[in-house]
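Note that chain A is present in both complexes that follow, paired respectively with chain B and with chain C.
Up next, the complex of A and B:
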């Protein structure tokens, strides 16, 4: 028994129907701890080199952390990883909800799925009992629709994840959905399940997890909940969740608008957190053990129909909203609902739609190419294209490859405004005014995702301290919204953020209570000890987090032909087109500054000038690759 | 004031279940908790918590007198419980657990209300504001 862990790795080979359970090894726990640590190590060691993301041999991993499922704020994050269809490199994505903790209660810290099922199937786990079951009646149906049907068929106490038609049709930004509104959205993780003929995984777990010192966990866990309530961020952040940041982003010129042509819009008050509460919200919807629920579950009404939907949260508001120039909160929420049902990542979907709209606006796509006239701001254009993409029909088949692939097919210079890094679409923070944030996006292992680094508040405030988001966005430094950070100074804080932010993906909790609200790291050290009996300092955790940057970089070096510096550049728009108006009019970061940032960054990491970890660096971190 | 629940603020986080199971059984295992948290989605989009309101139905059916009432709280005497499960069948909220051969139930310790981050469970008439 290893305290804090369920103790077993579950391996399912869909080609042979072989199900194997092996004890979780102490060495893996001691060195890689959990979650992202496990996925990085297992993917590097076990995935066959140069495997195609949709090959049966590409493994799909679900991994929980040691704190997952225990009594502390937001211990419900589920971490997934595989070789990414979007980038061809290391890919992971995570979600809240209740799935992974239930898998852990069933007895499994890690599930590794290999092979391909002969028929459309789902995986059914009831504690020790694991089966591969026919899913023909669910295939082709929407994500939440299937979740609801499966709960009726199996029982309410099953936690279920599903893919939608986009995952079935291998759209490379297909997501996994769960709990009627949580998604592991990024890197095309849902398409990999689709390629294995897996529609869903249902799990029921009643076995529980051993705790080293239950009395101490009761004391420290209660203190975490109690002290969190006293933080200004608790009352400042919780009511609106991530949507509460919309106005600030618009004011500082970071709100993507019209495919990142602009950095602010003139209707932010119609699509902000207050609009979500006033127009949509029915209830707060929290993830497992979360005291600060971001989820705002609501009801959207549009001219083409109404829908219950969780969200939209900030990323969706910005990318399906202002970035597509759609200003009606009900329309945005309905697009959120359509993406959820089809199983499309709302982040990538928003960027792909806006790319298509700009192509059409510039005459690079025509009515004949698309099947109808589409344009920014037109809700029905967006609905039409999302459905075409999920079914891979017509232009949808081109757009289903993401903006990098679509730009390669469409050509005519469209790569100028294909907003991605490494093949993964950029998320909701325009960064031409924010060098640190831009560098964070450029160098993230999975492509352009904010989950690895968020220093936009520091860029704006000019602060070198990794402060919590609530303080940064409500501080007096914002009196003048122009960015204060200089590109030559941002590397240390980017590195720091890149180590801290994904560290929570290792221990298996949400980062929000620390990053957004400001709960100190010492709380996590205390509960880590109470749960596992291991004294593991935050410094050690950051060191492991740093090690994973080298390991995942080496995975990308191994898997992506010619991988190196040229994969770290931002979209051309960001270093050639000044922001046309708004608070940061005229701003952009020139290529020379980008090169300088990359040089400093590689130095800071111990990588060579092509961005490859040096052998000294690998040795220093105990990586014998 | 007995334990109250309001689904106006409940966000379905199950922290009440975690603290209950940890304090009573020394484990992280919500399925052992003396509360059920149920989400009704997609419609109407609300959470419901089932908890012991000390109704006493369990005492009425207990054949051995193992359940006794003190100050409005019904407790199971583990020495007298024979594991017949009649109390479990009689519980209108399905919050009595059968573990290690005997029944276990809520003793109104109040830790669920104490930790509830949304004040959805509370001992006050209105609940505190969130």
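Up next, the complex of A and C:
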């Protein structure tokens, strides 16, 4: 028995229908702890080298952390990993909700799926009973529609993951959906399940998880909840959730607008957190054991139909909103709903749409290519294209490859404004005057994702704190003009953020309570001991998180031909085109500065000048690769 | 009047990284009404780093809002979206 863990790895081979359960090894637990630690190690060790992401041999991993499933704030996170269809390298996703916890209650810390089912199927887990079941009646249907149908068929006790038509059709940015509004997104993880002919995974779990000191856990867990409520950030955060950041991003020139051509818009008040509350919200919606529900479940009403949807969160507001120049909050929420039903990651979908709009605007795509005229600001264009993408029809088949693939097909210089790193689309923060944020996006192991690093506040503070705020502010909180941010000293802040943010993906809790509200790390150390009996300090956790950067980097070196420095460059737009207006007018980060930041970053990481971990670094972190 | 100012972790950590240590909670006193902008300037906190401001448990819509009585102002710093 290993305290804190269910104790078993579930292996499912869909080609042979073989189901094998193996004990979770103490060595894996001690060295890699859980969640993202497990997925990184297992993917490196077990995934066949150079496997295609859609090959049956590409493994799909689900893993929980030792803190998952216990009575402490927000301990319901589930981690997924596979070889990414978007980048061809290491890919992972982290999702809230209830699925992973239930899988742990069924007795499994890790599930590894390989092979391909002969027919359209779903995986059914009821404690020890694991089956592969025919899913023909669900295939082709929307994610939430299928989840609802399966709950009716199987019972409400089941927690369910589904893919939509986008996953079935192997769209590079297809996601997995759960609990009517939670997603495992980014890297195309839904498409990997689709390539295995798996429509859904349903799990019911009734077992317990052994705890080292249950009374101590109860005491510490209660204290976490109580102290969290006293934090200044607690009351501020919940009402609007992440949508509350929209105005600020607009005010400091970080709101992507029209495919990142611009950095702010003149209608932010129509698509901000207040707009979500006034126009859409019915109720807050939270994950397992969460006291700070960030989900906003609401009702969108548009000229083409109504929808009930969880969201939009900030990323969706920015990328399907201002980035597509769509200024109606109901329309944005409806696009969120369409993406959820089709099983498309809303971040990548927003950037792919805006790329298509810009191509059309510039004449690189025509009405004949697309099937209709499309444009920025046109809600119906967006709906049309999303459906085409999910079905891989017409232009949708090109756009389904993501902006990197689409630009390669369209050519004509469209790579200039294909906004991605390593093949993964950028998320909702214009960073041409935010060098720390820029570097974080450039160097993230899975491609451009703010989940790995978020230092935009520090970038802005470089102007706001050091400069004279009275020179920068007039009227409301709008900055007239922000001076050019310095890039020289961003590396330490970026490295720190890159170690801390994903650390929570190892232990299995949400990071919001720490990052945004300020629950101290000592709480996590205390509950970790109460659950596992192991004294594991936050410093050790950050050290493990740092180790995974090297491991995942080496996975990319192995799997992506020619991988190295050139894969860390930002989109060309960001180092060649100044921002045309707004508080960051005239700013961009020159290539020379990009190169300097990379040099300092690689130095800080212990990588060579091509961005490859040195043998000394690998030895230092106990990586015998 | 006494104005109690509370800073969220996201704001505290940004200032800490910039070498400025604020307390999580502190008070300022004033004989006359003050706008939120004035209060922030008095406390040497940049409005650019306070995307959300809560006054007595209610969202504040403008930093030109005038505070006329004992109040608690909670400043939420920039935070990542989802």
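As a convention for this text, the second predicted complex is superposed on the first by the 603 of 625 C-alpha atoms of A that agree within 3 Å, B and C clash if a C-alpha of one lies under 4 Å from a C-alpha of the other, contacts with A are read in each partner's own complex, and residues count from 1 in each chain.
The rule is short, and it goes like this: contacts are C-beta pairs under 8 Å (C-beta built on N, C-alpha and C of every residue); 3 or more make two chains touch, one makes a residue touch a chain.
Bear in mind the structure is a predicted one, so any value in this text is a computation, not a measurement.
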Touching partner for A:39 - first (chain B), second (chain C), both, neither:
neither
Counting only touches as set out at the top, which of chain B and chain C does A:381 meet: first, second, both, neither?
neither
By the touch definition at the top of the document, which applies to A:431: first (chain B), second (chain C), both, or neither?
neither
Contact-wise, after the overlay, does A:336 reach chain B, chain C, both or neither (first, second, both, neither)?
neither
Contacts of A:458 with chain B and chain C, given as first, second, both or neither
second
Would you check which partner chain A:58 touches, where first means chain B only, second means chain C only, and both and neither mean what they say?
neither
Is A:94 touching the first partner chain B, the second partner chain C, both, or neither of them?
neither
Set intersection of chain A contacts, chain C complex versus chain B complex:
none
Quick check on the complex: what are the chain A residues that touch chain B?
69-71, 73, 98, 105, 144, 148, 156-157, 179-181, 205-211, 214, 217-218, 221-222, 225, 228-229, 238, 282-293, 295, 297-299, 308, 531
Chain C residues touching chain A - in the complex, by the definition given at the top
6-10, 12, 14-15, 17-18, 20, 24-25, 41, 46-52, 54, 57, 59, 61-64, 74-82
Chain B - residues contacting chain A, complex
7, 9-15, 18-19, 21-23, 25-32, 38-39, 41-47, 114-115, 117-118, 130
So, in the complex, the side of chain A touching chain C is made of residues 231-233, 235-237, 239-245, 247-249, 251-252, 274, 294, 313-315, 318, 428, 450, 454, 456-458, 460-466, 469-470, 472-473, 476-477, 479, 493, 514-518
